[in-house]
Amino acid sequence: MDRAPMISVIGAGDAPAAVCAVARELGREIAARGAVLINGGLGGVMRAAAEGAREAGGHTIGIIPGYDRGSANQFAEFVIATGMGEARNAIIVASSDAVIALAGEGGTLAESGFAKKFGRPIVAIDAWPEIDGIHRAENPAAAVELALSLASKSGRSRNA
Amino acid sequence: MDRAPMISVIGAGDAPAAVCAVARELGREIAARGAVLINGGLGGVMRAAAEGAREAGGHTIGIIPGYDRGSANQFAEFVIATGMGEARNAIIVASSDAVIALAGEGGTLAESGFAKKFGRPIVAIDAWPEIDGIHRAENPAAAVELALSLASKSGRSRNA
Amino acid sequence: MDRAPMISVIGAGDAPAAVCAVARELGREIAARGAVLINGGLGGVMRAAAEGAREAGGHTIGIIPGYDRGSANQFAEFVIATGMGEARNAIIVASSDAVIALAGEGGTLAESGFAKKFGRPIVAIDAWPEIDGIHRAENPAAAVELALSLASKSGRSRNA
Amino acid sequence: MDRAPMISVIGAGDAPAAVCAVARELGREIAARGAVLINGGLGGVMRAAAEGAREAGGHTIGIIPGYDRGSANQFAEFVIATGMGEARNAIIVASSDAVIALAGEGGTLAESGFAKKFGRPIVAIDAWPEIDGIHRAENPAAAVELALSLASKSGRSRNA
């Protein structure tokens, strides 16, 4: 089986509307290209990206911090209840073929750190100009295209 | 969105052929009823159950212990790389609406413990006669039917 | 450096006074033999065992489920805030040279499963007659002596 | 019981000698002020900091990624075997009253992210000029003094 690539979209759980609109568009682009969206399963950027992916007919996975699956947003199709709190960031990144980052706080910084550690390509839109080794894209479509291209090059191990 | 129920099938990674045949039939029954199979994503019972579910057109999630997604069996449609080792058992159980247990070793005992702790119903086929509070079924179809019925009664929190 | 052995005492967080008295005596015996007590850091058996160990001048480590160190009992000398919920059981067991089990619920069953999985010897006092491979002792002193003896035989890897 | 503060020193597992010398001095300063050193328990900065702390008579805790306690450095007095891989960074930070960061790679970035997320003060020596909200110190003694002062102010919850 050739697995579909998984792309995570990371960003704040209480992002402003403009950032959420970008996240939703990212979700749509990810699904339109046949990739799976994976993220933290809660609100803000997480919810918006999942909504976009579902609108475009894609699969979505929400990796939530607690054990209560009712806390996941309604667009998380498959909910993984980790009970791992913030450490779930490592799971999200390790399960992704590429990471797309929007503006965020500490959680996003941790995810960027894991992306470096695990060798996952990371693409930013208007975020993290101060961190080395992050790729840049100007809009959602370009970000998803770049993420999938980088994932493909980086010798993905997700296929048996 | 009304999420599909998730059922885990737990058992040994190096189970004999007869046990794997039961696992495969469980996977088929789970998929046939529209539920999602979730388990540890490796070999033996995990692989057989996923194979059955995919044959019947269902979705499968493999929660693997390491970071190498290439270690997952080919029937794990969505691979979650936890890097959490044996502690991933807690994630599998917490993400399930019900657990079906086949014969296994320590890992399975741990999963049964988590099922009790998280209040997830657990159904056994030829396993764990010595542990209280486990439901019994005589064959795969009966086990899946019972698991879904118990999951439905236990006030599932997976839907928003 | 030759590290002191670590022994975990597992049991319910809301145990009756008689069980807590046994736990406290276990803590004293562990400390008296120069071993370190490690457990889940909360109430009931966890608190009583830590109290006994501190009374006898020993070190105690509490591996708590959340991020709030204020939730640990006052006898946990070193508090490790896992944020890992119930999955912390795997950490407690993997960090122990031997496990002593008192009566408990699901969490304890999970810990017994991990002890089997990780090859840690497990000694029970009045608990788990139904599970194979558990050693028995009739009182706290005998349990600690047996636990240390089994730990020593099982080729501990804790020393560099 | 008034618990001793815990300070983590984070940095690369294969740091050059000059960085390790700073780490060792940090360990000494931490122990000299009665604080406990906690870190990832392996080589490089982790080993050097633990060596310094033990030399000065302090306690050291190593939170290792795997289940093999033999992989810990010899100066880790208490070894916690998490089996959690890189996600153990969240445990280290959450268990610390303050974090001191030396130059490092992705793992260190992740730890900085968790420090922000958990509200733990973070002090850097020659590291992370590009990240907001990190305090600066010019030498080990000043870094430890600042870390303990910030920890004290931030309403530590480690005491019952």
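Observations, loosely collected:
Order of writing sets the chain letters: A, B, C and D. Residues in each chain are counted from 1.
In this text, contacts are C-beta pairs under 8 Å (C-beta built on N, C-alpha and C of every residue); 3 or more make two chains touch, one makes a residue touch a chain.
In this text the structure is predicted, and so the values were computed from the model without any measurement.
Centroid distances from chain D, each centroid being the mean of CA atoms, peak for B. Counting C-beta pairs in contact across A-C and across A-D shows that the higher total falls to A-D.
Copies chain B and chain C of the same chain sequence form an interface built mainly from equivalent positions, shared numbers / all numbers used being over half.
Mean C-alpha positions place chain A and chain D at a centre distance of 29 Å. Per-chain Cα centroids separate chain A from chain C by 39 Å. Touching two or more other chains at once are residues 67, 83-87, 90-91, 118 of chain D. Interface of chain C with chain D (complex): residues 1, 3, 6, 36, 54, 59, 61, 63, 67-70, 72-75, 77-84, 90-91, 94-95, 118, 156-160. Across the interface of their complex, chain A is touched by residues 84-87, 89-91, 105-118, 130-131 of chain D. Listed in rising order, the residues of chain A touching chain C in the complex are 66-67, 83-87.
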